[in-house]
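My questions will all concern the structure given below.
Letters A, B, C, D, E and F mark the chains in the order given here, with residues in each chain numbered from 1 onward.
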Amino acid sequence: MPKMVNEFNEYRSKMNDKILADNNKVIKRIFNLDTNAYTEGALDVKTKELLGLVASAVLRCDDCVKYHLETSYKLGLTKNEVVEALSIATLVGGTIVIPHLRRAYEFWDALEDQDKN
Amino acid sequence: MPKMVNEFNEYRSKMNDKILADNNKVIKRIFNLDTNAYTEGALDVKTKELLGLVASAVLRCDDCVKYHLETSYKLGLTKNEVVEALSIATLVGGTIVIPHLRRAYEFWDALEDQDKN
Amino acid sequence: MPKMVNEFNEYRSKMNDKILADNNKVIKRIFNLDTNAYTEGALDVKTKELLGLVASAVLRCDDCVKYHLETSYKLGLTKNEVVEALSIATLVGGTIVIPHLRRAYEFWDALEDQDKN
Amino acid sequence: MPKMVNEFNEYRSKMNDKILADNNKVIKRIFNLDTNAYTEGALDVKTKELLGLVASAVLRCDDCVKYHLETSYKLGLTKNEVVEALSIATLVGGTIVIPHLRRAYEFWDALEDQDKN
Amino acid sequence: MPKMVNEFNEYRSKMNDKILADNNKVIKRIFNLDTNAYTEGALDVKTKELLGLVASAVLRCDDCVKYHLETSYKLGLTKNEVVEALSIATLVGGTIVIPHLRRAYEFWDALEDQDKN
Amino acid sequence: MPKMVNEFNEYRSKMNDKILADNNKVIKRIFNLDTNAYTEGALDVKTKELLGLVASAVLRCDDCVKYHLETSYKLGLTKNEVVEALSIATLVGGTIVIPHLRRAYEFWDALEDQDKN
């Protein structure tokens, strides 16, 4: 399963390179903002990461959820904290969020598996 | 093609077990509600199933559509009835629903194929 | 409160007239389809109306909800039936549907009040 | 402007009473869950409130945003913290979130004004 | 009716000032991008304005639609061109776009009326 | 990679045939409209294709994006023009559009590769 994490990151990073190579100003700046927005400010990075996760989950963007799960994992957020955030997403966004919850669980397991190896 | 039905159900049920094993109260109750909401009440189960199908289709949740297609099939709803419900979803939700309509047709075919074997 | 029903219908019908006067073919045909889609077919008109209502509710379109509530009311659907349909919408679409549920209740009351006068 | 807060709460509470009086089991349980989900758990109440706020903002539900703004205010979250959460919502959800940001600012001002009087 | 245009612009500009006064970097940059994205580039400004209009219409953001209608009007786009763009939005986004179409027509009329006075 | 284009078109056309064979009037007419809406009118076909592309991108429908990319490519729209349209979609729709941008880039590359062979 850790393969799942690598494949996700490789595709993501290969395509991001292609997009940024194109030098479209608007897109480049949105990519920059996407990095800056999650840095420490009035809120700490863990909270911000969870905010990004919940926003991604209710908007049902699997790739965005995976990205924020991996960052959350690296920041040391526990599974309990992540699941509690996702439970709010499921309540606010409804049962259509459940299939994304399944894939989020699968990806979190892959993150944990990768670490064990 | 019937493999499509089995694979969908196996993944769904494996991941649901993992989610429920975690004992998050909010998520567990939403799962419970999801079962209760479609039981006979002022409306009969067939109508409710079609309501769940159309809600899933306009929100463009393929897994939710598949789930409601399978239940609809088991309840004896005809293809004509299901397609008519999906036609309303396509009109209300627009042409972006069409790719989900394609996958819904494919899954319905898989359900019928499975039955023949 | 019955004023609420009249105002909604007057604005709706005045603006529809303006839109249709413009003779844009695509828009005109979508308007036509919108009438045809809810006529008796494999499914009866009451079921179809509820499908339109639930699709409108999960997509959180207040005006569409109002329109289907009024048609549901005229077709003789009971409040219990309508509320049960809306409960499925709230479960599938999540708590963000609740504000639309409040306005749906208010409009249904207005429909009942109008009838008493 | 504090009137804005009162009017919002009065309508909300009047309609919630009507909805709950109807005794639809599914809806009642979703209302209950909506209270339980934001209580202290693996995450503290302030973080959970911000998660609810961001989920509401990206899904562009003004009434949900207002509700979470008021609770955030009562919990002692600062304007800086709330705005930082909303900035993530605007980045993830795009410029279509901006009109909701305007109304969020207006409501936060109304909350502060109410407190001064 | 021209009042509708003024009121929209006054509220928009008053709240934008408040938001920008807060100096949140992410939000400020998104506001800047929002100006830059619609300037002449590989595509001319009229085409870009229509792209912004259609994106706003299918995402059902009335205030965004109004903003792009006003800019389209000022750029000299004809009603026919604007309506044709909106017809594509209605087809892609479904009948839930229709209530926004009504309000778009009303706002366009207000823009024309304002010009006559 | 050109295989990606063929596979997409084959599946699309096979399933469209099945759907149309069913003779559901509402669905058939929506399919017809989908062809008519993009023909020359007040706006030229290139502009209309870009409008369909941006509507599809902000609604995050990968298959719709692919379809409009292919037609844009055949109409002779340049990559610069298409990317500029997609940059507006990313700004209006937010960072959740980015994963769809990645897949759009991949598909555009496949279209160019196909042409070279």
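In this text, a contact is a pair of C-beta atoms (placed from the backbone, for glycine too) under 8 Å apart; a residue touches a chain by one contact, two chains touch by 3 or more.
Just so you know, these numbers come straight off a predicted model, no measurement behind them.
The chains that touch both chain A and chain F are B, C, D, E. Simply put, of A-D and A-B, more C-beta pairs touch at A-D.
The interface in A-C, B-F or A-F that matches B-E, meaning over half of the contact pairs are the same by residue number, belongs to A-C. Most remote from chain F, judged by the distance between CA-atom centroids, is D.
The mean-CA centres of chain B and chain D are about 31 angstrom from one another, to the nearest whole unit.
Centres computed as Cα averages put chain B at a distance of 24 Å from chain C. Distance between chain C and chain D, defined via averaged C-alpha coordinates, is recorded as 27 Å.
Within chain B, the positions touching two or more other chains are listed as 25-26, 30, 33-34, 37, 55-56, 58-59, 64, 83-84, 87-88, 90-93, 95-96.
For chain A in complex with chain D, the touching residues are 30, 33-34, 37-38, 41-43, 47-48, 50-52, 54-56, 58-59, 64, 78, 80-81, 83-85, 87-89, 91-93. Interface of chain B with chain F (complex): residues 60, 79, 83-84, 86-88, 90-91, 95-96, 98-99, 101-103, 105-106, 109.
Taken together, the chain D residues at the contact with chain C in this complex read 11-12, 15-16, 18-19, 22, 24-27, 30-31, 34, 55-56, 59, 61-64. The touching residues of chain C, when paired with chain F in their complex, are 25-26, 29-30, 33, 36-37. Residues of chain F touching chain D in their complex: 58, 90-97.
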